[in-house]
Amino acid sequence: MTVRFGLLGAGRIGKVHARAVDSNPEARLVAVADAFEQAAKDIATAYGAEVRSIDEIEAANDIDAVVICTPTDTHADLIERFSKAGKAIFCEKPIDLDVRRVEECLEVVEKTGAALMVGFNRRFDPHFMAVKKAIDDGAIGKVEMVTITSRDPGAPPVDYIKRSGGIFRDMTIHDFDMARFLLGEEPVSVSAHASVLVDKTIGEAGDYDSVSVILETASGRQALISNSRRATYGYDQRIEVHGSKGMVAAENQRPVSIEVANEKGYTRPPLHDFFMTRYTEAYANEIAAFIAALSKGQKAAPSGADGLAALKLADAALTSAREGRTVRL
Amino acid sequence: MTVRFGLLGAGRIGKVHARAVDSNPEARLVAVADAFEQAAKDIATAYGAEVRSIDEIEAANDIDAVVICTPTDTHADLIERFSKAGKAIFCEKPIDLDVRRVEECLEVVEKTGAALMVGFNRRFDPHFMAVKKAIDDGAIGKVEMVTITSRDPGAPPVDYIKRSGGIFRDMTIHDFDMARFLLGEEPVSVSAHASVLVDKTIGEAGDYDSVSVILETASGRQALISNSRRATYGYDQRIEVHGSKGMVAAENQRPVSIEVANEKGYTRPPLHDFFMTRYTEAYANEIAAFIAALSKGQKAAPSGADGLAALKLADAALTSAREGRTVRL
Amino acid sequence: MTVRFGLLGAGRIGKVHARAVDSNPEARLVAVADAFEQAAKDIATAYGAEVRSIDEIEAANDIDAVVICTPTDTHADLIERFSKAGKAIFCEKPIDLDVRRVEECLEVVEKTGAALMVGFNRRFDPHFMAVKKAIDDGAIGKVEMVTITSRDPGAPPVDYIKRSGGIFRDMTIHDFDMARFLLGEEPVSVSAHASVLVDKTIGEAGDYDSVSVILETASGRQALISNSRRATYGYDQRIEVHGSKGMVAAENQRPVSIEVANEKGYTRPPLHDFFMTRYTEAYANEIAAFIAALSKGQKAAPSGADGLAALKLADAALTSAREGRTVRL
Amino acid sequence: MTVRFGLLGAGRIGKVHARAVDSNPEARLVAVADAFEQAAKDIATAYGAEVRSIDEIEAANDIDAVVICTPTDTHADLIERFSKAGKAIFCEKPIDLDVRRVEECLEVVEKTGAALMVGFNRRFDPHFMAVKKAIDDGAIGKVEMVTITSRDPGAPPVDYIKRSGGIFRDMTIHDFDMARFLLGEEPVSVSAHASVLVDKTIGEAGDYDSVSVILETASGRQALISNSRRATYGYDQRIEVHGSKGMVAAENQRPVSIEVANEKGYTRPPLHDFFMTRYTEAYANEIAAFIAALSKGQKAAPSGADGLAALKLADAALTSAREGRTVRL
């Protein structure tokens, strides 16, 4: 069976998903929609698809699934529409920045029985997948403590920051999802500290750029997250998981692994400087996982409920940081 | 000038300090006292010193400085006595487990003008010293976030745990001192989570074995600390400091650095399995620093005030973990 | 301009090159030829090309360039035919196992003026490219000594060994090319030692499985090569280059970079176990370089002369090892 | 039993050995001799020994063993004298630069039955010892190929070079000993290439500064050695041993293991810049091994025969490099 796809949104990430669909032998890109028609046309031409409107894709009989890469504030509406239209849905994170709106949306999805997968791409990074596999294989015994480091090479424009929902909902949310994925238990309390150390204008926009978070589960498992909007040395993405029998860690990635030694020491190049090169394989793998789940009639994960759970942790962390108190969920 | 030393306490750590004094060309070990006379005799014989009582050392004219390695509950009394006797004092941490008692003791020290250095040995680890030097040299710009990982190979006996003041005052206290040392600012708030994941009997003794802590300073600098009483792979002691211009990190240490590769992968040996082998150089360096400060008439650091500050952070962390709230200092 | 390609040989490596051509926006795969028609058909179908005979491709007006991936003993003939037919040629290494035959063939190429690039893919590995770039950028000063380690996960079948021309012409030849590429001077003498340590049947087939080689240039620059047909831990491919100002090295590559720590130590997974996964990017990059050279009307490297030079080093090394003497070129 | 020592030669390396003897609980430094009396006095004072003449030490009843650290051209004579005097002998390498002289000397040692250990300190480096232990424990199966990298931070003065016997007898000799130690079989052929790339005055003095050597044993095991008198990044000392089941390698050592990351990449400090800091533990361990062998009545290794074997390899390598041919032993 070939899964026939419509792509909603032909921007940067839309291109990535289009390529992933096209290169998957069990999928085919049928149509592309975008408010900016030339963008849609470019992708459509490259992969032998048609340009269509969102309405046309919604009504199409030759489309089984959609990939939603439109602006965040359209996600929930589109999920509802395409759920009702009987399409399987892959939606870029987040479903919405507002927990209530996400809950409403997920009720619709539940009623319609639509397949919904949310784009927490990091679960599909080969290195993080190998960490998860090591845990599942029992290599470190029972999980006890998770440490996640996530630092961006540089802060996005303040305009983006303003629309982003803030660092916890935009950036840390990936780490909340990863923590849930690795802890194997739901966090029940959150302590967060947040500061503006990188860029004052981020603070003036009401957001933070440097955060530390502790999550704790009912049985006492802990996750530590540290985030910064700046890392001069590249995109710092590390995970380590400690268990009763040992530890497993995923190292940072760099485009080339060479080392130059001279009287100043031994120098390896900076890390990847961009999330799309750092997570190239993750993006391809997540679409492949979505297609595989559809083909086998299995549930795709991360689900809408995963998206909601991460968002709730983001909200709790924001409250914790703002009010200077541990928040219980 | 040769600094003439009396050693109070001839146990495991006393031996380490005796050797450090003996091998220092500017110091000499004159006398050793211990309730268990054979222990004192062994050290005295090895280094050409005399066995004396604590009273004799207090009254001696041929002794300039003492190293206090007796049980914790005698530290404050001995510091007071030897302050009044005009001796310089190196005291193993902690001064006392009770903040009030420490404050009283430090008042006496202040009045007498005695030189007092507290044994936070990790500040003198060559690797951590190099981290501090890199910061002081401006290699990473302004310090923003500090991450400290400290995991013991295994939990001490529950009997020890009961007398230890608990994990925050016994183990994390080293990390609180290191965080203060590296942050360059005083923490003003503390959030801690603490669990019993390693050994139930530790919990039954009223203590924790797995803790995560966030410290925040007035300007928003953050330190994250994670501790566990268990690390199957050895004594896990890592520090990383992020600043406005970059990052500096100290790696773990192992007795031998070889690597064996076979069909299972590439394996390097476990880390040091004992704090005394991990911190051999740090113990020698701290005594050398104490002697150098005395020789040059400079103030020795870490001071009594440093000991007090770390203890206050430990108390705050304990309150935070117990009461589930961020504690402001 | 779009370079229109014919693919000769639809085996394992043919597929790799077909994909590289197809995914290159400046190239198009027009036709595929293979003695085994189904293989040609599979590739043709996948990339929208036609199945044609070699004769048809030779005569075609709609084909600018060919990629030769047929068996080694057909390479020289095909190069000559397609040179005369006015096509640009990318040929998998080696041109031939016999130096005389290669020289004849290159004379034809020279007369026809055909563009010829030989598939020493390792020059296009991103890590080795970064090594070369560091040298060219002056990071290590003047090159002095090169060390190349190349160990295969396992020996090929003895049947292959027999047709391969032996380890020097089949395996070490890559390292000879790399040494020439990095030394910046031609080797003038060769000392080689060769043994059968891995598999006796390789020795019975007249070949070796473990070799060490020293190359020296006129100015005294040296290259050390070590090869084995077995490495239990994966495909061991390292290069280090020492110069007057420092050293640059390319590290080994593994599919995932995680580390598991437990009481046995710290273990990272084995390296890639197959040259096609290890050199995925190199294969894509070399075809891209060929296309770019054609598009810009530049000479493609490595050239036929490079292929010949490496083969001569292989022959000299074989003589050196067999006769137990240093061979001057 | 306490081994009572006389030290012959109170220079830089004499001090190192004096400290090692003094700190060993089973040994005592009784007397020190040096042509330059103040040097002898300094060591004697530091360790509670007497200054004596070589004749007095030879005749002394209170001395069981001597450590010979005098200039190279006195070694063979002193070994003979002290053999006849019934003393156990630890002699710094080399016994002599001339093979015949070494053979004569060893005949005397054999006749007298004296215990003789030669100072190839690297066998006692903890990391290289761990490599050897891994081999002996069967971790890599049967040894097949050894790679030894040894690069000095900088060339010694040409005056030293002239007296040194040349790079093969002075520097590579350590690697010849290590190769023999690790190969587990005697080399039967040697191919060496040698150049002057670092310093012309070394060439003018008739020596080389950059060498590559292949050793081969009767069963075909191979060792590759690369040496340079210059390494801007510090004292480069690596070993890797490949066997039928895997590989074991010893990594380079640096004084502190930190890493600084910024926009230029990740930089670790240079390696040790001096052999005495790099091999501190090795020097202590070798004297301890000598004392332990004497105490237990066992043969000390490396023996005089080991010293001779390494020298013969050095001579063969020199011939190979000079005459441009493989030399059979």
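Should a chain be cited, it is by its letter among A, B, C and D, assigned in written order, with residues numbered from 1 in that chain.
Note that in this section a residue touches a chain if its C-beta (ideal position, glycine included) is under 8 Å from a C-beta of that chain, and two chains touch if they have at least 3 such contacts.
This one's a predicted model, so the numbers in the text were calculated from it and none came from an experiment.
Annotation of chain A and chain B: jointly contacted by C, D, touch as defined at the top. In terms of the distance between Cα centroids, chain C is separated most widely from B.
Look at where the CA atoms of chain A average out and do the same for chain D: the two points lie 57 Å apart. With centres set at the average Cα position, the gap from chain A to chain C is 39 Å.
Chain D has residues 232-233, 245-247, 261-263, 269 in contact with two or more other chains.
Chain A makes touch with chain D in their complex at residues 232-233, 261-270. On the side of chain A, the complex with chain C involves touching residues 126-127, 129-131, 134, 139-140, 245-251, 253, 255-263, 269.
Chain C makes touch with chain D in their complex at residues 144-145, 147, 149, 151, 189, 191-193, 195-198, 210-214, 216, 219-222, 224, 226, 228, 230-233, 236, 242, 244-247, 320, 324-326, 328.
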